[in-house]
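Heads up, the next two complexes both have chain A, just with different partners, chain B and then chain C.
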Partner chain A sequence: MSASTASTTPAAPPSPPAAKPRISPVHIDKTYPMWFYVPGGLVFLILFIVPTVLSFYYAFTRWTLFDATFVGFDNFVTFFSEPGLIGSLVNTLIYAFVTSGSKVVLGMALAVVLVQHIWARGYLRSLTFFPVLVSAVGVGLTFQVLLNPTDGLVNAALGAVGIDGPRWLVDPDIALLTVAAIDVWKGIGLATLIYIAGLVAIPQEYYEAARVDGASAWDIFRTIMLPLSFPATSTVIILSLIGGLRSFDLIWTTTQGGPGFASDVIASVIYKQYQAGFYGLSTAGNVVLFIVVTAIIYPLSRWLNSKEVVL
Partner chain B sequence: MNFKKHGIAAIAIAAAAALSACSAGSLGSSDDDTTSGGAAAEKIELSFLVDNTETSQMTAQAIADGFMAENDDVEITIESRPGGADGDNIVKTKLATGEMNDIFMYNSGSLLQALDPTNQLVDLSSEEFMSRVDEAFLPSVSSGDKVFGVPFGQAMAGGILYNRSVYDDLGLEVPTTWDEFMANNEKIKAAGIDPVIQSFGDTWTSQLFILADFHNVTQAQSDWAEKYTANQAKYVDEPAIKGFQRLEEVATAGYMNEDYATAKLDQALTKLVNGEGAHYPMLTFVVNTYVTLADDAAENIGFFAQPGDDAATNGLTAWTPAGIYLPATTEGEELEAAKRFLDYVATPEACDAQTEAVTPTGPYMVQGCTLPDDLPQAVLDLQSYFDEGKASPALEFVSPVKGPNLEKITVEVGSGIRSAADGAKLYDQDVEKQAQQLGLEGW
Partner chain C sequence: MTKMRPIGYIVGIIGIAVTAVVFILPFAFILLTAMKPKQEANLLQFSWPTEIQLWQNIVDVVQARDFMLIIAFINSTILTVASVTLMVIFGAMIAYVLQRRKSWINPWINGLVLAGLIIPPAVVPTIWVMQTLGIFKTLPGLILIEVAFGLSFTVLMMRAFISTIPKEIDEAAIVDGAGPMRLFFQVILPLLRGVIVTVVVVQSVFVFNDFQNPLYFLPGDKNATVQLTLFNFQSQFNTSYNLLFTNILLITIPPLIMYIFFQRQIVAGMTSGAVKG
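After this line comes the complex of A and B, so read on.
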């Protein structure tokens, strides 16, 4: 622990090591029998473990709900030859990295502004956070109306200043990025909140020392705020990346993966298989999604944790 | 400082909780059975599951009321479910878990086949009332030699709805070949009217040029559907690829309304009725919707079948009505009462009750049923094709093979994202899964 923690610890008397194991493991066993685990354990077993294990089985079957035939790896072969699946994998990655990256940069920028002593700070902080509170479905449907290329408010406003607005959600080239932008608008408040918490946690002493040394505002940002808010950065990256990789609700309510397959992500492809009644296939898709998310998030989170500096 | 670090952790946890809360499934729309407990004693209570469109609800209520007027020992309550793919899932889940209502209404044709009717539904082939059901309806509700349903509502057609005053003003004739249709479109465009309305905001509406072309396919090759089911005929080849090409032709000629990519069904109908657009490829069940949009809409909107290459074989692609089915879980006195209900549905009185509640959009498929004289023009137009025998059932009633992605592919072809040939090829791949899922031979 660093100097800042050391300054608080003397208040509490250091506990002698001998006094620590007052409660022996045996005592815990006697007071809290294993039976205490049963209610929670049962719920977890029935609602989580059993379906998860079953889903790994059903992923290898052709399942109509009425009966299931074992087909080996057929579902995975079909899933990977699904029209636009490769496209949807690429789309998923683009979507996740674009939204995650924008949230880090914009969230940081907003947070830096919102921790300063500025006018109406509390109001502005709430304003930034409000979109997080709105349901994704509501946001999606609202933006669908706002971004309508012929009579939506956004293009009408652009038209008023002489700009011919793009076709947003129905242009196959930019549909995905449009949805990503909506996602950033909706999720930025959470990233900002985490950053504000991270920035506020940096002790004032560092700033004071830097100012005494004659550091500029940019130096302070680069050498103090940026490295010391790294725990917040890694939290934002992990949360928004997971959110982006399995994003579904916003994409489904704005474009349904369209036009055609232009903004399909893995989750929307899986949902379409389920809609079509290919239950085995969509289960296989979920297993694939699980593996993709784990393969990206696990090493990333290990790496980010290893980079974290202690305050 | 410790406190502040905990603060971050707490916020991170709260944030994670907030994120994961977003994903909680909201599937169950709580459509619980509404079996009223202490109602009048001894009445047999039946619940009847119907999709939630206004037309279906009113039709169902009309036949239920008609039946209960004659059978006062039975009480039928209507329960609604969503349509489309969500509805399919609800019906499948209810059947698979044994929770299905006593009676339910569902599509006939390929969608019914996906319900595993042989094991899930009550076979009605030995019932006396089935002899009163039109022969043409039976194949779409049969599997092997078993028959499962009686018709709900009327047959309808897929083809092209057109604005008759636009045609009168420009001196146009109803086309009987595709070339005539395209020539009309050119004149309509020159007059500053959108020749063809499309509404990709409701993606399913984009499929009509392909689906309604099926009469032309069967005219060119009568056994195409059988070969298609057996994996021997494909959409990439003639004659079936024509539907994709026709959609592409209309799109590349710039005949579509400017907002085709976002317009929805209702907006498209409004354009048609107002004369902003001249043609709208559609199913005729929308007649009930557009007649309310303008006073003269009933007379002003006509219908013609999608034209093909040859005027001599011009005819329409017909959709048989949905069916009313009994799940295998309906037993005992409920089953007996439910069969009495189906018996009633297959009578001219039931047809008349439906006509009174909802304007018919096509002929009934029960023997002895007649249509009133004061029908909207489009229904009269399509009726004349039936009367002349120039009608073929749509592909979904003669083959169980239908891919889930057709509407996405037709949006792409209609928007110029993908060519007709590519679209047809992609759709051929798409149907493979459905065929394998059904366990068809040759796939």
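After this line comes the complex of A and C, so read on.
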């Protein structure tokens, strides 16, 4: 996520490149016409930026799509005073940090194993990645059946060894964490893959030098793999946090936010309020989600980037 | 290449055993349940079917609700092909000028690209905009939505790739008298083949598997996409898990085929940024 290619150019009108002025400004305009931005830019502006900007107005209204009455902060007061709605904010944060943390730890661990010379390595890499490509709906419905409290395969297996399995998705206390676990099952392959790419990019010389110095496997992990795969760590953290904070598909297909409001997240509240016809409140949910996502991701990615430079 | 040590075999075998339980078992369960007759499937057990009727289940699922699954497959195919095509062309045009031409607008466009990656779309205002334009609940509307939401990732990937293409190629084409359209479509676009394959594969899987956007922007049984048929089936076949799982099986096949043929490109696309950050 490097957005700084152009930050060094002066904010003046289009100027020819200083070093090798081979193409004149007229030619630049002909070769790289500005209107190339227009087709994609129009779609993006009209269907993404305009609605995002509008949401900051409609979140303060009672809205029927045809007319909107300005109600000030009413929607936000409702959002932050109803237990079911404020709970969704807490759940969103729990869900995002639990899934992201688990993916970092498990993805790193799996990748460290899968870069060694082990038997069936290619097969194991392919298999752990495949769930990433299965739709969230398919995964959600399958696990709903597998985790059925009485007849499901998981509790049947636990029962066979004498463990009384929990009620998983229908237990209000652990429903959210169960969905988070399914999310980790589905997404771990991507985290692992990113870590593998990061680990194989570490030059072999480091390992050789460490071995000459008599470093143990743990020393190699702690002093070489862990610090030098930091770009992979920051990618996994950012990607999985963005995904976790916005997560909707998996939660909706497994619990629909239930039981009660136990696993409701902001994205599912937005959908429920939309279905119920509370468009203003739904949009307020969107604004809350916008603020939560940017307030976490923006400073975090800047901080992670600054760490990378130090390294 | 060093010779594999015994520990390599042991870890490999442990890995196979663990993944068999964690990853193979759920997929085997889908397949087994899809082969079973209704009563047997509803026991939710992990067992070999007493009577294999996979084909009969497939026929039942396909015929259900006036061939809804067929219509959904057609809808999903049109959606995926059209949106990914537009994403690639629009994305390449933006990435090309963004990478080649330094101007005051670049920081703004870079900012918008990042915003597109991070910000969750505002649902109801988007519906309002679409309704105003008359494209709400239409397939073209949903196609444009997928383009808008997928453009950022496409631009990001393509810009990185275009930076590896020498500028001299542009200059040579211009000297030879090519206009910007010919230069882009006949010279640059073919050179982008590698990254285009990656973008196409990754975005196709994403659009094909998308559930949230069709749910919001293309509701209604008539317009169902494949992911929504699954959701509709859940209540209709509340007690026939064999058909539900047959359906899951059928809609998982296209991504599976993509994965088998394009594994390398998928891996390349999904890990971009992991190395350089």
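By definition in this document, the second predicted complex is superposed on the first by the 272 of 311 C-alpha atoms of A that agree within 3 Å, B and C clash if a C-alpha of one lies under 4 Å from a C-alpha of the other, contacts with A are read in each partner's own complex, and residues count from 1 in each chain.
Heads up, the rule we're going with is that a contact is a pair of C-beta atoms (placed from the backbone, for glycine too) under 8 Å apart; a residue touches a chain by one contact, two chains touch by 3 or more.
Predicted model, so just to flag it, every value in this text is computed and none were measured.
Participant: With the two complexes superposed on chain A, say which partner A:V170 touches: chain B (first), chain C (second), both, or neither.
Facilitator: first
Participant: Now for A:F143: first (chain B), second (chain C), both, or neither, which partner does it touch?
Facilitator: In the superposition, A:F143 contacts chain C only.
Participant: What is the contact status of A:L65 with respect to chain B (first) and chain C (second): first, second, both, or neither?
Facilitator: Both partners, chain B and chain C.
Participant: Could you look at A:D249 and tell me whether it touches chain B, chain C, both or neither (first, second, both, neither)?
Facilitator: After superposition on chain A, A:D249 lies in contact with both partners, chain B and chain C.
Participant: For A:G277, using the defined touch cut-off, is the partner it touches chain B, chain C, both, or neither? Pick first, second, both or neither.
Facilitator: In the superposed model, A:G277 contacts chain B only, not chain C.
Participant: Looking at the overlay, what does A:A156 touch: chain B (first), chain C (second), both, or neither?
Facilitator: The answer is second: A:A156 touches chain C but not chain B.
Participant: Have a look at where A:S81 lands relative to chain B and chain C in the superposition and call it first, second, both or neither.
Facilitator: first
Participant: Tell me the contact category for A:N286 with respect to chain B and chain C: first, second, both or neither.
Facilitator: Touch status of A:N286: second partner only.
Participant: Between chain B and chain C, whom does A:L54 touch in the aligned arrangement: first, second, both, or neither?
Facilitator: The answer is second: A:L54 touches chain C but not chain B.
Participant: Decide which partner touches more residues of chain A, taking chain B and chain C as the two options.
Facilitator: Tallying touched residues of chain A, the top partner is C.
Participant: Between chain B and chain C, which residues of chain A are contacted by each of them?
Facilitator: 4-5, 7, 65, 132, 136, 148, 151, 190, 193-194, 197-198, 201, 231-232, 235, 242, 246, 248-249, 274
Participant: In the complex, go through chain A and note every residue touching chain C.
Facilitator: Counting only chain A, the residues touching chain C are 1-7, 9, 11-15, 17, 22-23, 27-28, 30-34, 36-37, 39-41, 43-44, 46-52, 54-55, 58, 63, 65, 113, 116-121, 123-124, 126-138, 141-143, 145-146, 148, 151-153, 156, 185, 190, 193-198, 201, 231-232, 234-235, 242, 245-246, 248-249, 252-253, 267, 270-271, 274, 279, 282-283, 286-287, 289-290, 293-294, 297-298, 305, 308.
Participant: Give every residue of chain A touching chain B within the complex, in rising order.
Facilitator: 4-5, 7-8, 62, 64-67, 69, 74, 78, 81, 83, 132, 136, 148-151, 167, 169-170, 172, 190, 193-194, 197-198, 200-201, 203, 231-232, 235, 239, 242-243, 246, 248-249, 256-262, 272-278, 281, 311
Participant: Which positions of chain C touch chain A when the two form their complex?
Facilitator: 2, 4-5, 8-9, 11-13, 15-16, 19, 22-26, 29-30, 33, 43-46, 86, 89-91, 93-94, 96-107, 109-131, 133, 144-145, 147-149, 151, 155-156, 159, 170-171, 174, 179-180, 183-184, 205, 208-209, 211-212, 215-216, 227, 230-231, 234, 241, 244-245, 248, 251-252, 255-256, 258-259, 263, 266-267, 270-271, 273-277
Participant: Show which residues of chain B lie in contact with chain A when the two form their complex.
Facilitator: 1-2, 4-5, 7-8, 11-12, 15-16, 18-19, 22-23, 85-86, 88-89, 92-93, 95-96, 114, 116, 119-120, 200, 203, 258-259, 261-262, 404-405, 408-409, 411-412, 415, 417-418, 426, 429-430, 432-434, 436-437, 439
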